[in-house]
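What follows is one structure encoded as structure tokens, with my remarks underneath.
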Amino acid sequence: MNAPDIVRCAYLELVVGDLAASREFYVDVLGLVVTEEDEHEIHLRGLEEFIHHNLVLRQGPVPAAAAFGFRVRHPRELDRAEEHYRALGCEVRREAPGFRRGIGEVLRVLDPLGFPYEFFYDVQHVPRLTWNYERYGAGAIVRLDHFNQVYPDVARGAEYLEDLGFRRTEDIRDDEGVTYAAWFARKDTVHDTALTGGAGPRMHHIAFATHEKHNILYICDKLGALRRSDAIERGPGRHGVSNAFYLYLRDPDGHRVEIYTQDYYTGDPDNPLVTWDVHDNQRRDWWGNPVVPSWYTEASTVLDLDGNPVPVREREEAREMDVTIGADGFSYTRKGEGFKVGEQL
Amino acid sequence: MNAPDIVRCAYLELVVGDLAASREFYVDVLGLVVTEEDEHEIHLRGLEEFIHHNLVLRQGPVPAAAAFGFRVRHPRELDRAEEHYRALGCEVRREAPGFRRGIGEVLRVLDPLGFPYEFFYDVQHVPRLTWNYERYGAGAIVRLDHFNQVYPDVARGAEYLEDLGFRRTEDIRDDEGVTYAAWFARKDTVHDTALTGGAGPRMHHIAFATHEKHNILYICDKLGALRRSDAIERGPGRHGVSNAFYLYLRDPDGHRVEIYTQDYYTGDPDNPLVTWDVHDNQRRDWWGNPVVPSWYTEASTVLDLDGNPVPVREREEAREMDVTIGADGFSYTRKGEGFKVGEQL
Amino acid sequence: MNAPDIVRCAYLELVVGDLAASREFYVDVLGLVVTEEDEHEIHLRGLEEFIHHNLVLRQGPVPAAAAFGFRVRHPRELDRAEEHYRALGCEVRREAPGFRRGIGEVLRVLDPLGFPYEFFYDVQHVPRLTWNYERYGAGAIVRLDHFNQVYPDVARGAEYLEDLGFRRTEDIRDDEGVTYAAWFARKDTVHDTALTGGAGPRMHHIAFATHEKHNILYICDKLGALRRSDAIERGPGRHGVSNAFYLYLRDPDGHRVEIYTQDYYTGDPDNPLVTWDVHDNQRRDWWGNPVVPSWYTEASTVLDLDGNPVPVREREEAREMDVTIGADGFSYTRKGEGFKVGEQL
Amino acid sequence: MNAPDIVRCAYLELVVGDLAASREFYVDVLGLVVTEEDEHEIHLRGLEEFIHHNLVLRQGPVPAAAAFGFRVRHPRELDRAEEHYRALGCEVRREAPGFRRGIGEVLRVLDPLGFPYEFFYDVQHVPRLTWNYERYGAGAIVRLDHFNQVYPDVARGAEYLEDLGFRRTEDIRDDEGVTYAAWFARKDTVHDTALTGGAGPRMHHIAFATHEKHNILYICDKLGALRRSDAIERGPGRHGVSNAFYLYLRDPDGHRVEIYTQDYYTGDPDNPLVTWDVHDNQRRDWWGNPVVPSWYTEASTVLDLDGNPVPVREREEAREMDVTIGADGFSYTRKGEGFKVGEQL
């Protein structure tokens, strides 16, 4: 198939219920940089970003993820994307420059999995604040890192993304051939997006990168100081998958945000796939700390091209939460031995 | 009362069931420095220590804490300590130099709470390895920081320690006048020892200090790599009390070890006492992450001066675990509002 | 001699030429916390401080250090201090509460070396911002660490400070018996003050502490972003003496400020003295990076009790800069071999 | 021109005078991982690498850089590379698998600048030790980052590299049109190689990456502990160009090695070029610390395809060292003002 040449994940549009509350979270607490804002929308970016935005917050009636934006390598790749998705039988809309603020022509699709993907090349350049340390806080966020999508059938979703030109870098499977989650990259990191098995299509999270681990710890410290520690859903910790240091937060609408640092280079064409056993208790947290149930079950609605919620389908295969925790589950720290979560409430 | 002038907590003696397994944990995994060892005992210290040892591992039939050693400012303080404890009606034994390897004369007591305290001044100096960076690992432990003791009646225990000359720096209380835990210092840090309310006398943990937070994170990473992540009981996290960054491990016998860094200076005589509400969900973990039940309930036996286990008495006052988690408990992130632990399994 | 029981170094008063410029440096750039300010004076403290101030900036005609404040353990120690200094033949003034803002009664002396020392116990408590992470910047300064004084005859100065009850923790000497510098502690760190051999009495620097090394690196990054990198005089680097990680800045009047972290515990009465060979090229910078000449030669005027500059006397013994760099000097990385500074301009 | 699709810089071959001394430096001090070794050669890699090696140390009579290896995206890119270089009139040799240990077919050229470049696709995979934290030291090196080459005419060299498909990410120029240095990327970082203006062709340095800044500081601390601080030539510091945190070392033969962390993402096709003024005193060190002369003037010989030293040609344009330091030079911290280096010896 003639897939477009995707450079990287570039922006996400989130519908939020209270723009002021979301601004406080993303700007005052997390320190994202405001490129532009008005009473309806706020365009945000990381300190090292030079394109117009990585995140759009738009006031709306139903909290949701409205668009997953990917940058392509050349304007002509929009034609290839259009052709690619038409061949897949998807609805495709080509929007003129200005449809997205700061962005040129956009190709929008509701993809075969039901996610609102969009592709663009032309974009307004804005100052890259890499050297503007006077604007860095202790928890400085420098870059958008990746998206994570919930979908019932990970194997099918993986096939679609690999046809779209993504390299699979890691996955979680079991001995019976079930895939629970998989990670997919275009840029040189572990992923630009990932699929988490579950009722979907839904958005699991958006992830931003910091330079060092202490930046992430500081975000926790600051949330404690603001008496908002209940925004911390999971972590901080070290991932097994990706080897990154991580933290999961929930924004005022419950949208999940990951803060992430220090995965590894994956840019070689034969980059080795890392497969994790779903029963390995260190796959999600290298230190064996438990995954909270909400992390497995809750996610954000996604919208179709008309802004309507995309219906959600349940997962039919075994669910990771079930096979790793509780009565039916079984996990190990050392193969053949038990693990610590039984003692943890 | 004429209390001895205590400088700091100095060493702990632990009875362990398998000296080789304990050596692997404390030396190979944690990187403590061996001062001396034979087939029965290993004497260990932190990289910046100049006295003979901070930890003695002794092979024995029943895992236990056999001695909590405190250094005094002058040899004559042993006389004051003897007088002090005799006045309290305690059993006191004065041991000649060499009773403890590397230590001069020792005054041993079974204190009024039932803990085996001991006091010494004379000690063999050994190389302080502060500048020996070629011996520093990524998780370098530099110093013994404190002990933590479990005792049923914290208020009574606090009175005893304050009479012994300790400054109370922080505590956890409720509105009904119950004290759940308290911290006590002689050196300029938040504590040399602490009392945790619970069935006791038992040893809750011994804590060692690193320079930075990443050193502690590395210890977790290494335990994951060794497939020993189940040695991580709680954390890593930021304490509310003490403001230190922490990690709790369990050694091969279940003795609890904390790795700890960056509390604050408390050396002024009027250092302000910080009192935490037991219902404040950030008191034990500033990020609101839950305390695992084993952390509240499990602890090490302590031995009397003849090496016999000291009988344990239950706590009669309300228990912190009960009043903060579960059916009868109630905690808050923001006073008057709920908190996140309900979602966490 | 009956020396007062000193707890720690507590505050410095600096006369500055342009209060607005100094405020920008200490508050906007370095992030010290303002306790109180008016058009003549600004009182500043570190984030973890609970006494009224650690630094006073006072507008005045001649930039100078006007007072080195030490806290004593009890109000009656002011009597002992008075007696101690009268016995030394020094001018002593006892000032009523309010002479220093936020401070009770103060005992002021022009000490035998010519430095304006002062002692106090009573002090206004202010909020310790330890847990107020929302106020922490990336370069967060938490504590006053020490003073450093320039004096011609270090051996004589050391004798005076040791009589005053300071423990000597480290020094720099040569084989001919010359002492080039020495470090003196009351609290549990490597020093509360130090003596640097040179024309004096003058103030070499005041030092503040951060929690981690990256905080210090950030201060450099921010100065670069502000195009004020020429405020960086020396470092960042690792000290040999004290083992601390350091950075030396010059404020708008040229007063030297050190940012410092992670020296070691020195609270034991027999804490081992560390003596460095003046020819050891790693004594001042463990990585062997050169000391800039201005660091050796420039320092701040000190004022007497009437606010007049104290006359400066030249050093008569060998000067450290001369014996370690240049035609007459000789230093080594490995004893018996040369070192790298010859290649460095 | 039909340039080969280069993935990244992949390995460097260094000829060293004493293999045991080099092994001690790269393995015992820096902690690179040995893939294979015999009495003639050692093959080394970073902890996160999965291809056979990033550095070959080969015992030989004259210290030199013998090969700069780049990985291409597909075996057929060797044909394109051959065609590309033949069109440039370069000597090209196609070597069978096994010519380089662990590497398949190799295309070797002496490029138009006189550097021994080589290209390969097939390579033996070895364990990626990303999760093997038990092998991480405090100064853990995870990845090869880039090469840096000295060449007299940077503008001409840049044209050659851009024709070869490299993106120019940053450069240093003056108002008269002279280019002093330039940086070129294939992977998503600031560079895979760079050109430094000077007598060449010579190798300026090879750079390895760590995860965090403290890893680099530790390498300095360890060199101090080993009394090898004279291996530190420049830094540690923050680069202006690339924004990375850096350290320059000299190995036992004088080959220069950089340790480097945290530059920024450059993978977009229109990644903005950053141009620095040669007179900006923060371009090489963001903190304005001086560049030592040896860093400008010393570099390693490179070998031709027969192993003979490639003759060196002097730079004819203005030299960066001359125009920024000393009698004829002029640099600024703030445009129009002086800078601090005049005070620094």
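We call the chains A, B, C and D, going by the order they appear; numbering starts again at 1 in every chain.
The definition used in the following text is that a contact is a pair of C-beta atoms (placed from the backbone, for glycine too) under 8 Å apart; a residue touches a chain by one contact, two chains touch by 3 or more.
Just so it is clear, the model here is predicted, and its values are computed rather than measured.
Participant: Provide the labels of all chains in contact with subunit A and in contact with subunit B.
Facilitator: Looking at subunit B and subunit A together, the chains touching each of them are C, D.
Participant: Examine where the copies subunit B and subunit C touch and state whether the two sides share over half of their residue numbers (same) or under half (different).
Facilitator: Over half of the interface numbering overlaps between copies: same.
Participant: Consider the two chain pairs C-D and A-D; indicate the one with the greater count of contacting C-beta pairs.
Facilitator: C-D
Participant: If we define chain centres by averaging CA atoms, which chain lands farthest from subunit D? Would you check?
Facilitator: Ranked by distance of C-alpha centres from subunit D, the top chain is B.
Participant: Matching residue numbers in more than half of the contact pairs is the bar here; say which of C-D, B-D or A-C clears it relative to A-B.
Facilitator: Repeat of the A-B interface: C-D.
Participant: Counting in whole Å, what is the centre-to-centre distance of subunit A and subunit C, each centre being its mean C-alpha position?
Facilitator: 49
Participant: Using mean CA coordinates as chain centres, what's the subunit A-subunit D distance in Å?
Facilitator: Centres of subunit A and subunit D (C-alpha means) sit 34 Å apart.
Participant: For subunit C versus subunit D, what separation do you get between their C-alpha means, in angstrom?
Facilitator: For subunit C versus subunit D, the centre distance works out to 41 Å.
Participant: Give the residues of subunit C touching no fewer than two other chains, as numbers and ranges.
Facilitator: Residues 131, 212-214, 221, 224, 240, 286 of subunit C each touch two or more of the other chains.
Participant: So what shape is it, when you link every pair of chains that touch: line, ring, star, complete or other?
Facilitator: Per interface graph, the chains form a complete graph.
Participant: Over in the complex, which subunit A residues touch subunit D? Could you list them?
Facilitator: For subunit A paired with subunit D, touching residues are 7-8, 48, 50-51, 71, 73-74, 125, 128, 130-131, 142-143, 187-189, 211-213, 240, 243, 262, 264-265, 267-272, 286.
Participant: Can you name the residues of subunit D that touch subunit C in the complex?
Facilitator: Those in contact with subunit C are residues 213-214, 217, 220-221, 223-224, 227-230, 232-233, 236, 238, 240, 245, 281-282, 286-290, 292-294, 333-334, 339-340, 343-345.
Participant: Please give the residue numbers of subunit D that touch subunit B in the complex, ascending.
Facilitator: Within the complex, subunit D contacts subunit B at residues 131-138, 140, 212, 214, 218, 221-222, 224-226.
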